[in-house]
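Take a look at the structures below.
The same subunit A turns up in both complexes below, where it pairs with subunit B and then with subunit C.
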Partner chain A sequence: MSKRLKVSGLAAGVLASSLMMAAPQAVAQESIYVPLFTYRTGPFAGSGIPIADGMHDYLQMLNERDGGIGGVKIAIDECETGYDTKKGLECYDAVKPKKPVMVNPWSTGISLSLIPKASVDKIPVLSMAYGLSASARGDVFPWVFNPPATYWDGLAMIIRYLGTESGGLDKLKGKKIGYIYFDGGFGKEPIPLFEQMAKDMGFELKLYPVPPGEMQNQSSQWLSVRRDRPDFMVMYGWGAMNPTAVKEAVKINYPMDKFVSIWWPGENDVNGTEGAKGFKMLNWHGIGTDYPALKDIQKLVVDKGLSKSPKEKVGELLYNRGVYNAILIAEGIAQAQKITGKKVVDGSDVRRGLENINLDEARFKAIGLPAFAGNLQLTCQDHNGHRAAFIQQWDGAKWVKITDFIQPMPEKVKPALDEAAKEYSEKNAGWPKRSEACDKS
Partner chain B sequence: MFYRETGQFKTNYADDMAVFPILQDRIGIALILVLAFVVIPLAGSNFLLSSVMIPFLVFSLASIGLNILTGYTGLISLGTGAFMGVGAYACYKLTTLFPEVNIVVWIVASGFFSALVGVLFGLPSLRIKGFYLAVATLAAQFFLQWCFTRIPWLYNYNASGAIEVGQRTLFGINVTGAKASLEARYMVLLTIVTVLTWVASNIMHGRIGRSFMAVRDMDIAAELMGIDLLKTKLLAFAVSSFYAGVAGAAMMFLWYGGGEANDAFNINQSFLILFMVIIGGLGSMIGSFFGAAFISMLPTVLKFGLPALGIPLAGATAEHLTYILVGALIIFFLIVEPHGLARLWQIGKQKLRMWPFPY
Partner chain C sequence: MDILFKVLIDPFLQMGAMPDLFVQTIWDGFVTGVLYALIALGFVLIFKASGVFNFAQGIMVVFAALTLVGLYEMGLPAPLAVLVTLGVMFVLAVAIERVVLRPLVNQPDIILFMATFGITYFLIGLGELIFGGNPKQMITDQLYLPRGAIEVKMLGGFVQFQKIDIAAAVIAVVMIVALAVFFQKTRIGRALRAVADSHKAALSVGISLNQIWVIVWFTAGIVALVTGIMWGARSDVSFGLQVIALKALPVLILGGFTSVPGAIVGGLIIGIGEKLGEFYWGPLVGGGIESWLAYCIALGFLLFRPQGLFGDKIIERI
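Take a look at the complex of A and B:
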């Protein structure tokens, strides 16, 4: 019973010395440090790997082709989170001393924990189309960015699409819509808006939560779906939840063309499932390698063995999602260099850079990705853009775009957003007022 | 040679009952406390404080809790994660309802709510034992986790189901929220852990602890000796859950700083703490610390320490390697010393006493 702490203390001492040596492990002076929080392990690895590869390869390609951004190399550093908040925080603490210009948490749970820290540590959080929807409000969350659309916008677009499918939004009245979702922050967030819409438009909403531990076992949820027979199914899933849901839907013979998902499934989730044909999902960017920049990735990164991605996976849906994320990183840095005139920028500069992102057609063309995605312009008020997305359908072998860009419903989303932002700043007593000046664009 | 009690005479009963009867132990403890309270906050890097020490302290507290129940009283519980969750949510509700009361008070007070819930789920322990009790506590785990997700009142109707930790101060210094310095959070947590460890050690050395151990060793005999089984077992559940609850509240408020809480208190957490207790040593205070250090520090050290020492290990490979190494080490320790690290420590001390002239 005695000396109880001695060994642990000793261990801590040894550790302390090794870690103190670790801290100044310098990133070369002339580089911009971009940590990527990725997950190549755990139940979300199926979604995490292509995204990690896409992000890494695009930035690596910039290093190979252009010598980085504005002539400054990007120091890319992957940290494995396993989609686990605990490990994500650990990664954040590990990269913080190296002065990252931004972090990409790639998990709503990690984002939620990092949002309060962002303004204190002066490290912007880029949570691309995930995280806290309310962080779209730049005046309340100056350090958090979640372009190009929030989960609420996504829901609005899905509902609008279901409306057109049934012949007008008013025709949704009396219909039954099922919502199968990841029972964590990510899937829960849209529920208040969903319920509001159900009330306004007169459809019935059925909720089928999938607990994080039960992602691979959804038989009970789909049994209820079979009993309730909803006219449409909407899914907010991630990782192992997506392929399981698709399989279960096929198993109960749910009509796949009535099954619409938010933008997170990938080819792997539907490929190989007999009968997944017809499955629909939102998306906002191009698929495939028919873009000069992606050709460069193949030539300069993948063929040289600098990528972890198998050759045939380059250009897949989630890979290109990672590329899109990397474009935002690169654009944020490039804009920051333009505004400040500095070559080596820091977190505060990149925050300004992100606020001035202006990806129009010409810019997409200039970076070698013509017509890759819709325009995106961020301002200091709007950190999201609320951009439109389209519906694509799985034809058994590939995704086929079946609609034009569908506009979200700002009239429904905006009040909810303002409400949530206000509530957040009130509940987090002492939430700082925005003190960062806005740039004139 | 250095670690020998020769010449240290006990002249009264108080000396005889001391927790640390040997002078060298007392010096050792003092040194550790100085190290923990002074050296680490002053000299440690931020990473050491935030990702090594704070998790270690939180898990130590939780392991002490489970050790009281499983190690000292012999009741297996798989609900520790959920009891931690009760503490976290209780603390969150209390601090949002009464923000003017100091947060440290609430962190400790939330343990009582957890204790109450623990007693409730401890009721079956009078009738069922062993594996069957484990299953009953497993029910607590699932039921409570269901509550954390399904009762929006618990997380103040937050759309994401997240706990949001606001700014709270102690003596004018921020101790929670984003502005709180690591040192402040660490010191508060360390103080809580130190005080509660001292309390637990005293409980275990006193009448209550002895009745726990009597129940563990043979409950019928204990009953015949006049120990009220119901009271004792429920008390063990209460004390154990109290510690788990405080650990959970500290985890959310001093370590995570808010976020999605329900998933942090899942069944894996319960298993992790059970492993800590088993590997550390059942029925040993110091074992709880050893176990927590082993399970919570080792992966971090492997993941970030090895690259820092110049062994290149990236992302996923490090993660896989960590799993392999930790798993192998667990098996290794269980084979070498099934009674846990605490027993190894004891053997080491015994050897040290005779060193360098063993007979």
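Take a look at the complex of A and C:
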């Protein structure tokens, strides 16, 4: 090979590699990278798929309709975790070099593992209505957000509802409340508050843990329920645990109107189960497609073949839960753009954006989701909002809202949260004091 | 003393105080045990014929059930969907023999064992690719399986027998009898037993190992389909069922890897044992002991019979 040819080859190689190196930077500058940790496979896919679709489709709709957020496209990237903490951490390591503006772990186990990393890597963790309840304290956990309510708020709302059903909270005294839960981080999360409430209010608490490997084999737990005859059953379940629990409750003739779940079951968990009518759960947002933004999703994303969701699943409960999560992502980014004046924001900016989320009636209307959910305002101190939720009941074919918004019990939850946040920072030696300045709202 | 009372006496007092619940626990354990036994049977069949511990048996249960429901959802009538699913399991058996077993013949057992891990992950991926990850409802009515329960008043209370559980027990018994007849009375069955005893001796009398492997993997596929239908009818057909299939491990430890009666008796002991343990002793430690209690029961038996209840005693000279 001649010297000239070698030089030309070398120059071409250098040029090609510079182009290759420049390309991702160009992409990075023109878009905002939002990874979504999802699970479309494994035992939790039944819950994971509609949520993943809802999150993806709303963000995709913003790209199609508005050209992204503030004129900047969102680079949506899914990483499959299978609801496995180990895989979730692998996903985190894979997305970190791409400078995500936040991560959405969709698993309490993964959230707990990411909390110590968030402040070091400057990547906010958005664990919407799951994760560590104490992370609601923005002064202790400036990089973690868990709106619109913690698991402890959820429990407080359920207990308040059970009190109403019994004729007053004081009437819970002497009653027996059973708690069937996923025997992992998520299900164990509300137990300290539950035990405290049992002590304070004088009801008896019976625990029925369901090990992860036994989610579809719950006959022992429900046989124990038959023996103990609790006045009410409360459930914190996920994935394959929920439909099996409903089936088993029906099998032992447990009165379904006494069976109340936290906000995670979906239509698939009850639909087709004879006798599931009457089952109740918490929820805080709308169901269905009767919102302009949902119509835009159908028109601009689903009809164009840009969604993985079947058309008839758009608007279902957990799909809309995914949409709500995506609204928080979009609002965090939009607020960050507003505060900093930058188009392409980074993790630190979005952390500030999330602290300034103010989803009021007018804002929900402006984004095409009028009356979709209650107002939500986050602050520097409060990363949760502790918003109210309502009870809905399965009527055999659809969910029917049966109560107004039920307020959590701040007088019970707040001291417990403060104590848990203090304990967390003390147990994790060297937990940094908040150094991030608060924006004036 | 209090703890001794709670462990050694109180559970038995409870059994006496609420005998209907005791019978109910035994029945629930029996049905669970029958289903464990069916899964274990799939393992035993393959282990006997090829010496391979088939880690993929659990996912075969899920794959067979998903195929059945998936085909039905695609518009096939239920009986035809069953036939086509059987066809799919046959094709799978042929493919495994051709692609996995044949090239690995004469390799150490551990290689074949690892190959079944590969089959597991391949089937998970294939199942999710074709049918998606969403749980599916078993087509119970379309398969003419009964719904509802029979409530029998007895012992001062009532015992509930789910019709689907009764059907599962009956079908399992029929299947076990059919397999026993197949093994004992048919030419292929005798060939299978010959292969199980010695590959070399079987080859020397003209038995085709390849054919036998296809037959045995197909038979394990049929067992997987039946198990998938029955378990799917009790909960849902989802990839979570694959985890339950691992319960067959303590059943095999207990019953022996090579014994069909061992799989059945082992399944029943584990099924009933873990339900009794969870129900009467579980509350003492906060519940949720079912997942590891099965292994404790199996290990307890191993202390006295290392080869399992019905397993072959292997004597190797050094």
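Going forward, the second predicted complex is superposed on the first by the 413 of 441 C-alpha atoms of A that agree within 3 Å, B and C clash if a C-alpha of one lies under 4 Å from a C-alpha of the other, contacts with A are read in each partner's own complex, and residues count from 1 in each chain.
Criterion: a contact is a pair of C-beta atoms (placed from the backbone, for glycine too) under 8 Å apart; a residue touches a chain by one contact, two chains touch by 3 or more.
Just so it is clear, the model here is predicted, and its values are computed rather than measured.
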item: Which of subunit B and subunit C A:322 touches, first, second, both or neither; value: neither
item: First, second, both or neither for A:209, with subunit B first and subunit C second; value: both
item: In the superposition, subunit B vs subunit C on subunit A residues touched; value: B
item: Which of subunit B and subunit C A:192 touches, first, second, both or neither; value: first
item: First, second, both or neither for A:227, with subunit B first and subunit C second; value: second
item: Touched partner set for A:183, first subunit B, second subunit C, both or neither; value: both
item: Partner chain in contact with A:265 - subunit B first, subunit C second, else both or neither; value: neither
item: Subunit B versus subunit C as contact partner of A:117, first or second or both or neither; value: first
item: Which superposed partner A:40 touches (first subunit B, second subunit C, both, neither); value: both
item: Overlap of the subunit B and subunit C footprints on subunit A, listed as residue numbers; value: 40-41, 183, 209, 211-213
item: In the complex with subunit A, residue positions of subunit B that touch it; value: 19-22, 24-25, 28-29, 31-33, 35-36, 39-40, 43-48, 50-53, 55-56, 96, 99, 145, 149, 156, 158-162, 164-167, 177-179, 197, 201, 255-260, 262-264, 266-267, 284-286, 289-290, 292-293, 297, 300-301, 303-305, 307-309, 314-316, 318-320, 345, 349
item: Residues of subunit C that touch subunit A when the two form their complex; value: 18, 21, 24-25, 28, 32, 124, 128, 132-135, 137, 147, 149, 160, 162, 231, 234-236, 238-241, 243-244, 246, 274-275, 278-279, 282-283, 286-288, 290-291
item: For the subunit A and subunit B complex, residues of the former touching the latter; value: 1-9, 11-13, 15-16, 18-23, 25, 38, 40-41, 78-80, 82, 85-86, 89-90, 93-94, 96-97, 108-110, 112-113, 116-117, 119-120, 132-133, 183-186, 188-189, 191-192, 209, 211-213, 420, 424, 427-430
item: Subunit A - residues contacting subunit C, complex; value: 39-43, 45-46, 48-49, 183, 207-217, 219-221, 223-224, 226-227, 239-240, 243-244, 247, 251-252, 268, 272, 274
